[in-house]
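Note that chain A is present in both complexes that follow, paired respectively with chain B and with chain C.
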Partner chain A sequence: MALFAAFQTSLLLALLSLRAYQSEVLAEPLPLTPESLNVSIDSAHQYLNLQWSVHSLAYYQELKMLFQIQISRMKTSNVIWVGNYSTVVKRDPVLHWSWKSELPLECATHFVRMRSRVDDAKIPEPRFWSNWSSWKEADAQKSLGRDPLFLFPKDKLVEEGSNVTICYISRNQQDNISCYLEGQQIHGEQLDSNVSAFKLNKVSFIRKTGTNIFCKVDQKDVIKGIVLFVSKVLEEPKDFSCETQDFKTLMCTWDPGTDTSLPKRSSQSYTLFESFSGKKILCEHKNSCNWQVDSDSQEMYNFTLMAENALGNRSVSVLFSLTHRVHPKTPYNLFLKNVSGTKATVTWKVHPIGNYSTLLCQLDLLGEGNVIQQHNVSIKENGEYLLSELEPDTEYMARVRCADANHFWKWSGSISQKFVTAEAAPSEALDVWRNVKSVSGHPTVTLFWKPLSKLHANGKILSYNVIVENLDRPSRLEVHSVPATANGTELTLDQYSYQIHVTALNSAGPSPASVIVVSGDPGNEEAEEERINGTEDGFSVSWKPQSRKAIGYVVEWCDHPQDLPCDLQWKNLSSNTTSTVISSGAFRPGVRYNFRIYEISTERMANLLEKKAGYLKELAPSDNPQVVVSNLTSHSFTLSWKDYSTDSQPGFIQGYYVYLRSKAEKECHPGFKKATLSDKSACCQHRIDNPEQKTFVMENLQPESVYEFLVTPYTSAGSGPVDTFTKVTTPDEYSHILIRIILPMIICVLLIMITCYLKSQWMKEKCYPDIPDPYKSNVLSLIKSKENPHLTIMNVSDCVPDAIEVIHKPEGSKIQFLGASKSLTETEFTKPAYLYLLPAEKNYSGPGPCICFENLTYNEAAADSGSCGHFPVTPQAPPSQPGPLTSPENLLKALEKNYMNSLGEIAAGEASVNYVSQLASQMSGDKDGLPTNPPEPVHCSEYKMQMAIPLGLASPPPAENSGLSSTTPLDQSEHYR
Partner chain B sequence: MSCQLAILCLLTLLLPLLSRGAPMSPAERITQAYNLALSMQENMSTLLQTYLQAQGSPFSDPGFSAPELQLSSLPPADISFKTWNALDDGERLSRVQGAFLALSQHLQLVGDDQRDLNPDNPILLAQLRDARLRAQGMLGNVAAIMTALGLPNPRAEDTVGLVPFGASAFEQKCRGYIVIREYGQWTDRAVRDLALFKAKYPL
Partner chain C sequence: MKVLAAGVVPLLLVLHWKHGAGSPIPITPVNATCATRHPCHSNLMNQIRNQLLQLNSSANALFILYYTAQGEPFPNNLDKLCSPNVTDFPPFHANGTEKARLVELYRIIAYLGASLGNITRDQKVLNPNALSLHSKLNATVDVMRGLLSNVLCRLCSKYHVAHVDVAYGPDTSGKDVFQKKKLGCQLLGKYKQVIAVVAQAF
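Moving on, here comes the complex of A and B:
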C-alpha cells in the first residue's frame, strides 16, 4: 500500500513536471519579449518616446501583438501609468510609441518597462504574456545646466480652461522658493526634496502675449520664469452654408467664432472637404471659401468644414442639392413707365440662372416706408407689372427682389426706385364755416375752411374759389379767388341772403363745391348760456334739436378765447347727433371756453341753437377785485368792486369773501364768522353768495378805529389770494360837527383879514391916524366932562413959533444914546442952538396959552397959520438970513424946504431936528442941559418931544425923558440960535 | 509722429558724419555726440516703461527691478570711480564704442523677440527701433571723435553670436529688460564721459 502510494506520488510529480515543461515549450516558439527598449524625452511636447523591437518572428510574416507598458515616476515601484498598445508586428520591426506626460518630464525621473503578448487569431489560445523588459530610465534633469533654479514647462501652449502642471527644480534644498502667477503666489506639492509641482486648474486667457509664471529664491535674487500661452477655445464654425448664384461657383460661408491666434502661433485654419468628389481645399479666408462647380453632373454635395489650430480641430458638415441652394443676383434696370395719377408700370431685369430656371420676383410698393402692395411675378429674364390703385400726387417706392421659383432658398438683394404719381382734382369738398358780424352797418361774413388733407387734395392746392350768389335778387355771380396760403376770406354783403360756394383748385381741377348760405340779417343770435363741465377728454356738449329739418349741426368754439383772433374752431356733426365731445390740445385749465351749437337747415343756413360755457378745470381766482371805499363814517363804510368782470376769471365766480379784521374788536360782527388766515392770524369772514353783488356795507364799526378789509372772489376750486388787506380808519364821532363849525369860522376870519388888508388905509385913518384929530380925542371928552366944560381946543394958527431947535447928532452918538441910559447924565451936553424966530425979550408975554404938537404935519399947520411953531433950520441956512423967515410965506417955504432936507439928512444919519415948543415946561429933571434963557411958556397944557428919528434907530426914549423934558440935548449936538 | 521726429533728429545728428563739407573739429564732434547722448537719456525712461508694461507681471508690476539679471554678452556699465577717472581718452572711448556696438546688436535682437511676443504693439516696436538707431548713431559719433583725436579705432566685433538663441519667452522678456536697462546705464555713462571730453576739448 505504501509502495502504491509512493508510485502514485511519483507519477503525479512526473505529470506536473511534464506539464510545466510543455508550457515552457509552447511559449518558447514565440519568445516575443520586447527588446532594445529605448526611452527618449521630447521636452517641447512633453512626450516620452519609446522605441523597441521584437525578434523571432520566424514563422510569421506579421503578427498582431499586444504590448503592456508600465511607467513609474521617481522610482520603479511608483507606477503611475499602465496601458496596452496593440499593433501588427512585421518581421524585424522597430516599434515606436509615445506617452504624453502631464507633469513636465524635466521635473522627475521616469521609468518604463513593457511586456508583450500575441494577440493574433492565427495563434491558438492560451496566449501568455512575455516577461517584462528591464526598467528604462528617462532622466531629463541630467542635461540641465548648473543654474540654481529651473522652471518647466517652457512656453507651453494650452487651451483656455484646461489644467496645467508646472514644476520647479532647485539645486539647493535649503533655498526658500516662492512662485507667482501674474503676481499671485501659488502653492504646490513637493515631489521630492528639490522638486515641487503646481497644478493650475482651468487656466484662463489673460493676454495674447502669454501668462507669466515665475519663481524666485528668497534672499538670493534668483528669478526664473516661464510663459504659459493660453489660447482661446477653438469653436465649431457656425452658420455654415453654401449657395450658388450662377451654378458655376459655390460660395460657402460661416461664422468662425473666436480668434485663437497667439504670438508665434498662427490662427486657426479652415479646410473644406467634399466627400462625394473627395476634393479638399484650404480656405483663404477665415469665414468664406469658394468651391468651383466642375460640371452639371454633380447634384449633391456633402461638405465638411474643418477648423484646426495647434491644439485641436473642430468640424461641421452640410449636405445639400445644388439646385436647392440658388441665391439669385440682385435684379437690375428697374424703371417706372406710364405713371399717371393712379397707375404706373414697373419693369426690371434679372441675371439668368441656368437655361430652365424660373425666378419668382416679389414686387413691393411702399408708401411712407410701409409696404402698401405686394405682388409676385414669375419671370425668366425680364419682369413687368402694372401697379394700380395708386393715390394721385403721392410718392411711392417700387422694390423688387427675386428667388428661385422651384426651390426657394434666399431672396436676392433688392433694387428700388422712387416715383411720384400725377395730380388729380381734389376729391372732397372743403369743410367751410362762417362768422357773420356787422361792420359799419354792413353784414360782413368771414369764411373759414380747413385745408384739405393730402389724401383729398390730390395735388398742390393752387387757390380757392369763392362764388357768392344773391338768393334774393338774382344777379351776376361774384367770384373771388383766394390764395392757397389763406384758410379763409372776408366778404362784405348787403341785407340779403347769399349762397356761397367754396372750391379748392389744383393743377388737375377744382374740388366739389362746399355750399353755405348766410343771411345779411344776423337774426337772433342770442341763446341762454348753459354751463358745462370739462373732463380730461374734453367737453361733453349736448343739445336739443329744434326742428326736424336740420341736415346737421355745427359746434363752434375758440381754441384761444383770450387772444385775438381767438382761433375759431368748428366741428360738423350729422343730423342724428345730439351730443359730442369737443377735445383740443389747446384746451387749458382755468380758461373759459364758450361753445355755440348751430343747426344747419336744409337751406344750408346756420341757426344758433344753444350756448355752453365751461372750464376744462376750474381754478381759484388769481387776482382780487379793485375795491373802492366810499361813504366812510365813524360807524360804517361801503365797499364796491363794480368793475370786476366775472366772465374772464379762471372759474365760474360763485361769490365773494369779505374779510375784516381790527385790533380794536375781538368779536366778529353779525354776518361774519371767524376765520384763520394762512399766516395763522385771525379775522372775520363774510360770504357773499351772489357773484353779481359787488357792493358791501361795513356797519357797526367803532369810531376812530383802524379796520383792514379784503374782498376775494371764490370759485368751485377755491378763493383768490388772501394776502393784501386795505386799511380804513373810521373818523371821530364829532369831527364832522367840528368841521362844520370851524371851517366857516376860518373862512370868516380869512375874509375879514383880507378885507382889512384891502381897506388898511381907511382903517388907519379911522382908527389910528398919524395926526390924531383933537376934536375926536377921548381926552377932550374926558376933560370936558370933568373939569372945564368951557375948555376949547387951541387952533394951531393961534400959535406963534419963537424958536427952532436944530440938533445935529452923529450916528455914533445915537448908538451911545440908545445903548446906555447913563450917557444922559455923564455926557457933557453941547448947548443946543436956537433960532429965535421971535424977539427974545425976557418980559415977553405971549398971546396966551398954546399947545404945541410934535408932528411935522402939525408944523405944516403952523405954517399955514403963519404965526405959530418952531421950525427947523438946516445947517446950510446961515443965521444971518433970519429975515425971510420972519414972514409966514418965507417961513412956510423954509419949512417945506428944511423939512424935506432934514428928512434926507436924517436918512443919512447926519443930523436930527428937535422941535422945541416955546411952552416947554421947566419941570424937566435935566435942568442943567437946558438953555439958560429959555422962553417962558404960559399956560401950556402939554407938550411932547418932536423928534424925527432915522429909520432903523427908532427906539422909545428913556422913561425919565418921556415925561416933561422934551428938550433933552444929545451929545455933540449943534444948536443954532 | 514722435517716432518720425526722433528719426529726423537722429538723421540731423548723423548727417555731419556723411557730409563732405569742412571737417569738424574734435570739440564739435564731442558736442554733437554729447547732444545725442542727452537725447538718448531723455527717451530712456519712456522706453523702459513701455517695454515693461508690454511684458506682463512681474515686469509690469510697479517698481519692478531685477538687478540680479545680467547678460554676459553685454559689457557692464558699472565701474569704480577710480578706474573710470584713470581711463585715458582712447580707453574711455573704446569702452563706450564697444558697449554701444553690443547694445545696438542686442537691441536688434530684442526687437526681433518682441516682434514675436508683441506683434500687436507698434509703439514698443518703434521705440526699440529708435533706440537701436540711436545706439548706432552714438557708435558712429564716438568713432568720429576717435578719428578726430587720432586715436586707434578698434574693429567692430560681433557680440550677438554669444547670445543664446534658444531662449524661452520668459528669457526673452528678461533679456530685453536687461538690454534696455544696460542701454540706459551706458547712456548715462556716455553722457558723463562726453562731458569730460567737452571739458577737456572746449569749442
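Moving on, here comes the complex of A and C:
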C-alpha cells in the first residue's frame, strides 16, 4: 500500500514537472528563423527558386508557419517585392518556393531574404516574427561568358495580349546599341550602365514561327537576337455537350476555338472529368471525347472539360441526365410502296434504344424542295405511314428523322427517298380561244389554247384532239390530232357554223372537252374603238353588256402587237363581269395595245362587243413624217404627209406642228406663232389639231426666197424631234410664165426640126429644089394670092445667059455626052471649056455647037410642046459662036441637062460645071419693071439627052426683048457645083 | 571475315549520321584490308565530280532559301549573322594528292552531312511551312550521302582506306532558337564557300 502511495506521489510530481516544462516552452517565442536559404535561377522559366529549412521543431510534428520574403534588385535596399508564404512545416523540413520575375533574371542581380512566424492555432498569441535571414544574392551575369552583348529572355513564350520585358547586357559601356522588333526600333529603359530593359505591352500574335527581336552594336559586327513566341489566347471550349445513341457510350463534343500550337509547343490538350464517378480521361481529339457508360446505375453526369496548354487552362462544365441526352441513330431502310396517283405508303426502320424507349419519328413529304406534309409517328423499331392527297405525276421526296419520344434532345440524321406518283387524266378543260379570218374566201379558224398547268395536266400531255362538228349540216365529225408541242392549230372551214371540241390527252385519258362555236360567216366584226389609259397595274377595260344571254366575256389582245405573230392573249371573264384589268409583263410604254371584248353567247359563240386601244404610257413620237412638197409657186407650196400612219406611233397622235423659218422674213405668217427651238433659234410654229389633216398649204411666201419647214406630230407626251428642217426655195414670179410659153415653143421647134429632118427631101423639093420651077413655087402662089395677083414669072427667054463654065479636070475624067460617041477627053477638052451661050456683042460670029440640057425633074407638058431645041455644040466651039443658043430658053435647058448628066457621070471633085452668069440683071433694083405676064408654057422645059449639036440645027435665037425683062430665080452671084 | 568487314562500313556510316555525335575515327592503316558491300562504279571519280558540281550549283540557292526563311535580321545582315567563320570546319588542301584530297573531302562531307541534318531537323520545327527549304535541304543531304559513299568507295578500292577520322559540328539541340538560326546560316554560308573550292579541286 505504501508502495502504491509512493508510486502515486512520484507520478503526480512527474506530471507536475512536465506541466511546468510545457508552460515554460510555449510561453517563450519559438526561434524558427529560416536557415540555409539558398537562391537559384531557372533561366528557362525565369523563376527565382528559394530553398530553406526550419529547425527547432522538436516538440511538434507539424506546424503551420508564415514566411515573409523580400526580393531586392540590383542592391539590397531596392526591394521590388515583398510577400508572404504560408505553409505547414513538418519536422526537419526543406521548404521550396519560387518567384517569377518579370525582368529577365540574367539582366539584374537579385537579393532575397526572409523571416518566419508561427501561424498555428496550437500556438497561443502573441506570435512574433523571427529575425530576417541574411540577404542571398542571385547573379546570373557571372556565368554569361565574354560575349560583348547578351539579349534575354530567350525563346520566351507568352500569350497574346500580355506584357513582356526584354533586356540586353552590354560588356562595353561605350557601345551604342539599338534594338529592333519586326524591323522597327524599340526604345527601352536603362537599368544600369550596362543593362537596358524594353517593356513590350500587349504583344500581338504575328506568326507561329515566332518574332525575331535583335540588338546590334553600331559599327561592330555584333548582332544578338532572341525569338519571342506569342501564342493565341487559349479559349474556353464552346458548345460543350454530351449525348448517347445507345446508352453505352457518351459522345462529348465541343468547339475548341483557336489553335494555340507553336513550334516545339503542342496545341492545347483536353481533359474530361466526371465529378460523380471521379473519373478523368485525356481526350484524343481536339473537339470530341468518348466516355464509356459503365452501368445503368448512374443517371446523372457532371462533366468538366479542361483545355490546357503551356500558358494556362480553361474549363467548362455540364450537368445532365443520361436519358435526356438521347440522340438516336439515323433511320434506315426507307421504302415507298403502293404508289398510286394520289397515295403512297412509306416504311422505315430505326435502331432500338433500350427496351423501354419509344421514338418519335417525323415524316416529311417534300415537293419541289418544300415541305408539303408533315406527320409524326411513334414507333419502337419499324415505321409505316400512308401518304395521301398526293398529286398525280408529281415527284415527291419522303424524309424521316427520329428523336426520343420521352425527352426530346436532338433529331437523328435524316433518311430520304424520292418517288413519283402515277399519272391521271387531266382534270381541267383547256382554255381555248379562236381567231377567225378569211383566207382566199374561206373562213379560216386559228385555235389557240393555253397548256394545262402541271397541277391540272396530271401527267405528260401526249397530244391534243380537236373535233370539228358542222352544226348546220350534220355530217361526220372531223377529228384532228395536234402534237403536244403545239399550242394551237388552224382549220379551214366553209360558211357554216361549227362546234369545236378540244381535249388534251395523257397516258391516263383525255381532259374534259373545251367547246367553242365558230360561225363561218364572221358577220360584222367592227366596233367603234375607244381609247383607254394604261396604268402601272395594266389596262382597265370595261364594257357594256349587250344581251343577257352572255355566259361570259373574253378580252383579247396581243402582247407584241408590232410583231408577227403578235402573241395573241385572251382572258376569260364571267358573265357578271363588266370590267377587268389586263396586265402583262410584256406591256411596254409607247406601244399601242388593242383590246377586243367578245361576248360569249349561250351557243358558245363569240361576238365582238367593243374595241379599246391604249398605251401603258404614251410617249412622244420618235420620228417625223416624210413630207412631200408640191404645188410650189412663188408665193406658196403644199406640204403633205399622207403616208404617215397615226396608229403605229408611241402615243395617240393629237395633231401636228408645222415649223417654218426663213431668213428673209422676220415676222410669222398669220396662223403661225413664234417659237424658240432647242438651239435657241427662232422660227414660226403652226399647230394642226386634227391628226387626220395631213396636208398643209404654206401661203403668202416671198418669191425667190429660201424657206425651211418641219412637220412633227405630237401626242399627250410631247412632240416629235425638232431637228432636221427641209429647205424649199420659191421661184420668181415669171418663171412659170416662161415655162408655159418657152417650153411649148421649144417643143414645137424641135418637132419642126425633126419633121424637117425626116422630110428633108420633100422639103427640099418643095422649098428649094435644085432647079426650082418658078411656076410651081408656092411662094409664087402665095404672092399671087395675097400680094399681087398680077405678078408673073420671068420667062427664061427674057434673060440673057452669057456663059457656062465647064471645069474639067483632065486626068481620068470623063464627060459623057449622051448620044455622042466621044467623050470630052477624047475631044481634047483639056482646058476649061467655056460655052458661051450668048455671044459677046463683039465676038458672036454666028451659029456654033449647041448643048441641049435635059432636066429630068421637069417633065411636064412642056416636053410635049416639041419646042425643045436640040442643037449640038462642040467643045471647040468658041464662045462667040452664034447658034441656036441664041434662044435663051433652049440654051438654059441644054445647059442644065448637060450639068445634070455631068453630075451623074463625073466623079465628084473630078469635074464640075459652073454657071457663070454674065447677066447683069437689068431688073435689079427695079421691081416695078417686072413683067406682069404669066409664064408661057410654050417654052420647052424638058431637057433631053445632052449632046453637042451643030449650030446650024439650033433654033434661032429668041427675040432680043424676050428675056431681059424677066426675073431670074437664081441669084446672080450663086454658083452651083 | 569478309561479311564482317562488309557490315562494318555501313554501320560506321550510320554512326556518322547521328546528329552531333560520334567520335573521330582513325584512318585505316594503308596495309589494312578494305572491302565494300557493293562493287564500286567503274567511273567513280567522274561521279564524284558530278556530285560536287551538283552540290556547288545548288549551294547558293539553298543559302538564300535558308536566310530568307529565317526572317529579319538575317537577309539584311548576312555579314554579321551568316559569315562563314566556322572554326572547327575540316580543312581542305586543293594541291594535295588525290588520296589526301579524298580523305579531306570525306571529312568535309561527313561534317556537312551531320550539320545539315541538324539544320533540317531544326527548320522542320522552327519553319514548318518552309517546304521548299525542307525539300532543298533533304536533296542536298541525299546527294551528300551518295557522295560520301562514292568517296569512301574510291578510298577503299584504290587507296585501301576503310576508315577516316571525322569531326562534327556543334550540337544545336540545346541552343536557343535565334542561335540555331544563326548557326545554320553560318554553316550554309561556309558550305557554299567550301563546296565551290572542292568542286574546283576535283
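Quick note on the criterion: the second predicted complex is superposed on the first by the 563 of 977 C-alpha atoms of A that agree within 3 Å, B and C clash if a C-alpha of one lies under 4 Å from a C-alpha of the other, contacts with A are read in each partner's own complex, and residues count from 1 in each chain.
Heads up, the rule we're going with is that contacts are C-beta pairs under 8 Å (C-beta built on N, C-alpha and C of every residue); 3 or more make two chains touch, one makes a residue touch a chain.
The structure presented is a predicted model; accordingly, all values stated were derived computationally and were not measured.
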| item | value |
| --- | --- |
| Three-chain arrangement built on chain A, chain B and chain C clash or fit | clash |
| First (chain B), second (chain C), both or neither touched by A:N212 | both |
| Chain B versus chain C as contact partner of A:E182, first or second or both or neither | both |
| Touching partner for A:K759 - first (chain B), second (chain C), both, neither | neither |
| Chain B versus chain C as contact partner of A:G225, first or second or both or neither | both |
| Which superposed partner A:K418 touches (first chain B, second chain C, both, neither) | neither |
| Overlapping contact positions on chain A, where the chain C interface meets the chain B interface | 154-155, 180, 182-183, 208-210, 212, 214, 221-227, 263-264 |
| Interfacial residue positions of chain A with respect to chain B in the complex | 151, 154-155, 180, 182-183, 206-212, 214, 221-227, 229, 263-264 |
| List of chain A residues in touch with chain C within their complex | 154-155, 180, 182-183, 208-210, 212, 214, 216, 221-227, 263-264 |
| Footprint of chain A on chain C - complex, ascending | 70-74, 77, 79-81, 83, 125-129, 176-178, 181-182 |
| Contacting residues of chain B [partner chain A, same complex] | 54-59, 61, 66-69, 116-120, 168-170, 173-174 |
